[in-house]
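Both complexes below contain chain A, partnered by chain B and then by chain C.
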Partner chain A sequence: MNTLDAKVATEIDIKTEGQFARDNYLSEHTVGSWLLTTDHKRIGILYLFTILVFFTIASVAAAMMRIELLHPAGGLMTSETYNKLFTIHGTLMVWFFLIPSIPTVLGNFVLPLMIGARDVAFPKLNLMSWYIFVFGGLLATWSLIRGGVDTGWTFYTPYSTTYANSHVISMAAGIFVAGFSTIITGMNFIVTTHKMRATGLTWFRLPLFVWSLYATSLIMVLATPVLATTLALISVERLWGVGIFDPKLGGDPILFQHMFWFYSHPAVYIMILPGMGVVSEVIACFSRKRIFGYAWIACSSMAIAILGFLVWGHHMFVSGQSVYAGMIFSVLSFLVAVPSGVKVFNWTATLHKGSIHFTTPMLYALGFIGLFVIGGLTGLFLAALSVDVHVHDTYFVIAHFHYIMVGGMVTAFMGGLHYWWPKITGRLYPELWGKLAALATFLGFNLTFFPLFILGYLGQPRRYHVYPPEFQIFHVLSTAGASILGVGYVMPLIYFIWSAKRGRVAGPNPWHATGLEWQTASPPPKHNFIETPIVTDKPYGYSAEKDVDLDLASI
Partner chain B sequence: MGKFHLFPPEASTTARNVDALYFALTLISLFFITVIFLAILFFCIKYRRGSPADRSNPSSGSNLIELGWTTVPTLMGLALFTCGAIDYFRIERKPGNAIDVQVVGKQWMWKLQHAEGKREINELHIPVDQTVALTLISQDVIHSFFVPAFRVKQDVVPGKYTSEWFKPTRTGEYHIFCSQYCGTQHAQMIGRVVVMQPQAYERWLKSGEQTESIVRAGERLFHGRGCSGCHAPNSKFHAPLLEGLYRKPVPLADGTMVTADDQYLRDSILQPAKQISAGYDNIMPSFSGHLSEEEIMQLIAYLKAIGQQEPPQQ
Partner chain C sequence: MSILTSPVSENELVADQFDDLEQQRSAAQLGMWVFLATEVLFFGGLFLAYTVYRSRYPYDFAAASHHTDVVIGGINTAILLFSSTLMALAVRAAELRDRKRLVWLLVGTAFFGIIFMVLKGVEYHKDWTDHLVPVFNFEWPEPNPEHPQIFFWLYFAMTGLHAIHVTVGILVMLVIAFLARLRKFTTGNYTPVEIAGLYWHFVDIVWIFLFPLLYLAGHR
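Right after this comes the complex of A and B.
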């Protein structure tokens, strides 16, 4: 920040001070006003704090694993402890952080604002979904307190049903319960998008984030019940010895894999689609341009949601399933990559003739594209049948899905959180620190996970806490990267807390963005809009030629 | 082993094909990464805020361009799919004329037995340049038999035979990993493949104490466990004869047909009531719990051996 900026900043400070909406959704401070709220914005914040708790526990588990893996012989912990750590990491990250992350926090907060509505369609159900989620989370935590689970997040049978001596049922119950919160959120978003749009807001005038949430919600509603069924069947077999999956009881262990992946592959798209929506918003805003290929991006979300249901068998190429089934799943997996590619090309084309502001959310969005491209392309290696036979269940898979889940989804979540932070809190975070954090996560992430591709092709299987010594160098690099990544995640935590209290007042629309959410005060009033907005044009009516300076110097 | 490598040793015929596709995929990925990253970098510099670039008449879409970048990746995807599928088909089809090895996975070790009867634990000795076919089964949870140097992997499933084959091209020692998480000591369920010159392999096979062949062991079980009491031409019980049975179609009591493969033989021993041969009563007792996985494999090996003989006249 140079002195000129600082001077301007002070002037703006004075001018915008009055623009902090005094009477807003955060005005009430009692505990009851939070725990009994039906305001979608407050529920979004309740979710933010809840998933942050699980993200922290799961990250600590990951950090302990990375430290253990520094030495080929391990030595810090027993095999049993290590197995429980990766199970904690996987289950909590997937079901208690990634799946709820963008939909329940950013989606809950901005979806009604984006479509000009006062709230979601079913505000009380929305609050109920949070309570159900917390209850599910407590069950999962109960399972950890009692000693944890050692099945991996995949719960493969018959290990999980007959052989594991850990607290499988309480963990399965936690995930089962949390699933209902996902279903309710999905249903709420679908109805909200159908019924609550402002006058003039036709489907093809919807912001792309709304499209991505809509596609995500369809998957949530259709896939999650299958997971619930699967987990219930595990419990039935484990509790009463009813033969479903264990061949000794007359069951079929491969059946479990079909059921599990029928949910869990679409779940991958639950995790990435909302991130893609965030990136579409951010890229358009900070390129100051109408997004390139709007309809293609919107339809690609739907294509991903539908095709995503038809590729589950690519997790099972070496399970002994039919060769011909493998071929169908392989070709469909190549096809599902196409709509993801379409999005990347359109984002890139949006930059053309833009007026690009390298703000913190934009850095996260650009980082997302880079990491998602690598994650997506390495997905093709896994879709290719013969290569998958070699890399299946190795670190190559670990690297690939972390590029999508962490490089993609978490980066997009951070980008979205920074993008809407001024709307959520009414205040700006320190821009320089934001940029440094974006840079640290990008570099730290690559150092953590890129070596794992090489390690995977060398043959290192996943879920090994001792390994042949020739693999050590890659583990050391990865652990070093993880420490940088950790710094990149802790930094926003600190400056967000600081900025929520002391950050510069943002005003209604610090980014000069076009979405409806920016047409109301920051923080928004309890019912979002003083006057119900009317929409007359397509979204992203930006102009690069008539760009304005954003003043973001805030310290 | 012990040195720094970027690629695993390429020690089987399959490895060459898999690596070729891997490199092709890497090149294609690098191509897309370069194009996308360069485009982003170029636009980010040229169109950074305040730059003097021409921003007039920006485009917000073109169906022609969209069709282009939809079609080209689709066609490339289909081509890559075909390459992967052809090799996969080869990997999954067990070739004839192979050295047969029976593999039983259990928490947390590999038990292997050669056709000649020689047993190994967590080690597999094989000759170079000869096809080796494994028949695998687990006696508890799912495991996976993975030899990175050969680029092959196959899940080892309880209750179900799977197969895996490779043709080593280089002598040496290579890792065996269990790659499917199987419980506490999963990471210790490792071993090595020793690929030897054929003469050395013959010497190794004859070393140590002499064991009976798998077929011979199966024959002993066939008589010792009472199978021959019923499945014999002069038996007083009406039971099907097993000579000439292997790989032949078997008519079942419910009117369907089934091929008498390994899985059918296994199921008939353990769950005889599951598939009743047409014209026979459901009188066979289950041997589930009375035979180990190794013994079942030996019995099947014997049934295969007599299954290729001419069926006797009853």
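Right after this comes the complex of A and C.
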């Protein structure tokens, strides 16, 4: 790889002014060049801006809920408004931010670069997926403008089909449409990983981020269509009342729960696997060590994807499911802890005796490990039948999945965004501000969600805005934490925008990382590589002995 | 390979992101297979609902199934199978670069698809006059009419979703036939014919499952 390194480096010197590649994928500035682009890198950026909009709306909804919860009597809004707020928060965060987040932004940008390809296998479909996503997002927004939905993100029947007086169908249609963009992305990634790898890049030489995206794509392709069917059935039931989920007409509302969770449990792993992939990249790079247990981490992603399809019944322990079904789902859910544990132990072993650099992406990655461990272990509490009866539908569940989705996925997304930012823009963000933001999100997050574990264990059910006064202290702590968390998210927004124009020029490989994406210029040229790379070795060829000076203090 | 002797150079046929025609072809094929896996699960939700309610109301489902038109359903099965045969021959014709044959076989495939849809329409009309359309026009002489109503709702949902797929397939066949006439597929790259064929066979296979489940459940 060294000779290739040198070759690419000289090419870059010729083509660049200093270290900043002038002739890059961002060179064209017209609106048309963005709206008609088939470049995976630009599509990743289109997705970044789009999901940012939905993240903002959903965050504002969360902030309003947290303010409302400051007082036990909840005087700011009606129960109906509160129901709509947590539905906006849930639906937008899940389908319009978390599921697309790492795959469509970082995955789109980095996957072809990582495997030495010029683009994804189907670039036009890739662009189409963005348009479909935007259309789905507009339908969802339309539903909000007309007055919103109050069913919660789970759309449980018979409330959603019969009783809810809100705009269920347009929201369901928005999610239905956005689902097709997810399917297209998944299909594109699967085919790209199979067919577009550079010469010599065998499956067990792939970066772990690629493995995690591959596992995620399998879930996207196989689970999302079931959600589409389910949402279509809900809409038809709501329109015409044919009785498919209505016991009065011979239907069964529990069938809805089975179909919904058959999608939504695997979808939970769409919302964590890509984050695990990012963390594997970052940990290896900033420990300056070959990742420990490469094959185990790669296979554990696949194991999580497969097991994820077999555990949906653990959402239904108190839905009248048979005890035996409950026991089997409980055991299978425990099994998911095995591949998850494999990952955590391997990351930890990678850190052991590594030469650790506490850069911003590394802080996020380390935060991820801690928060994911808490989220994962409390998942075991919930997978245990008897404990779940006690904490089902309480704040304990809320705290658990926020530790996975926000503490895990959003933290990893921020870490990955910082890690690849120099590649995306060609410039470095201010390191000190980055570290402060990472710290603020970590502290703010824990203060927001740790009290909710206690609240849930004490018995406060989710989705209520009026609660006994003795619980107030926990809600006040949580709202205080949410404010800090908010600051932690706004800071990167500001310095990212600043650094995209004025940040220090990064050069092709500011982290001295080993992946193929770092062997091309920053920002990369339109077709990624001037010369298609050839791979001759395993990934993560770091060595702690040959430590490098990352020279970040001066940034 | 005969590709090298073809009048169109390979470069014009290969999209930017691919190295050669073979990579492009195998990527397109895998893409179609992945899409079909998605489709299986798309129908899967309805098959699940059918299984649940049939096991819960076996007699009502058998009685309701008795009211479907097994003759039209049977003829339609034969028609779809025959059109799939034409499709398979069309792929072979593309492989052999026999343009005339290819165009006719594709048009034939589409034609039998249209016949299928016409017969399906006749059947739906008959269902309407027989008062078998849930919610809008449903009458059932025996007790518990809501159970056969679920059967008929699933019947319309499943055959309706299938009919949408047949319609898309017909349009695809006509477009491909038109392009084939313009010599698009007989000069080196016939991948579109192949993957359209995969899709058409999938539509056929779904019907192979729908026919016994919906039409034969009440017949011994």
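Assume the second predicted complex is superposed on the first by the 535 of 555 C-alpha atoms of A that agree within 3 Å, B and C clash if a C-alpha of one lies under 4 Å from a C-alpha of the other, contacts with A are read in each partner's own complex, and residues count from 1 in each chain.
The rule is short, and it goes like this: a residue touches a chain if its C-beta (ideal position, glycine included) is under 8 Å from a C-beta of that chain, and two chains touch if they have at least 3 such contacts.
Just so it is clear, the model here is predicted, and its values are computed rather than measured.
When the two structures are overlaid on chain A, which partner does A:337 contact: first (chain B), second (chain C), both, or neither?
first
Which partner does A:294 contact after superposing on A: first (chain B), second (chain C), both, neither?
So A:294 only meets chain B here.
Under the stated touch criterion, which partner chain does A:221 make contact with: chain B (first), chain C (second), both, or neither?
second
Which partner, chain B or chain C, touches the larger number of chain A residues?
After superposition, B is the partner touching more of chain A.
Can A:131 be said to touch chain B (first), chain C (second), both, or neither?
Neither chain B nor chain C is touched by A:131.
May I ask you to decide whether A:49 touches chain B, chain C, both, or neither, giving the answer as first, second, both or neither?
A:49: touches no partner chain.
In the overlaid three-chain picture, which partner chain does A:378 touch, first (chain B) or second (chain C), both, or neither?
Only chain B is touched by A:378; chain C is not.
Could you give the residue numbers on chain A that contact chain B in one complex and chain C in the other?
Common interface on chain A, chain B vs chain C: 248, 252.
Name, in rising order, each residue of chain A that touches chain C in their complex.
Residues in contact with chain C: 117-123, 183, 186-188, 190-191, 194-196, 221-226, 228-230, 233, 236, 240-244, 248-252, 255, 258-259, 527.
Would you pull the chain B residues touching chain A in the complex into a rising list?
Where chain B meets chain A, its residues are 1-8, 14, 17-18, 21-22, 25, 28-29, 32-33, 36-37, 39-40, 43-44, 47-50, 53-62, 65-66, 69-70, 73-74, 77-78, 80-81, 83-89, 91-93, 107, 140-142, 144, 146, 148-149, 151-155, 157-160, 162, 175, 177-188.
If we count contacts the way the header does, which residues on chain A are in touch with chain B in the complex?
Per the touch definition, chain A meets chain B at residues 79-80, 83, 150-152, 154, 156-159, 162-164, 246-248, 252-254, 287-296, 317-320, 323, 326-327, 330-331, 334-335, 337-338, 341-342, 344-346, 348-349, 351-358, 366, 369-370, 373-374, 377-378, 380-381, 383-390, 392-394, 454, 457-459, 461-470, 473, 544-545, 547, 549.
Under the stated contact criterion, what part of chain C meets chain A in this complex?
Interface residues on chain C, with respect to chain A: 15-17, 23, 26-27, 30-31, 34-35, 37-39, 41-46, 48-49, 52-53, 56-57, 134-136, 144, 146-147, 149-150, 153-154, 157.
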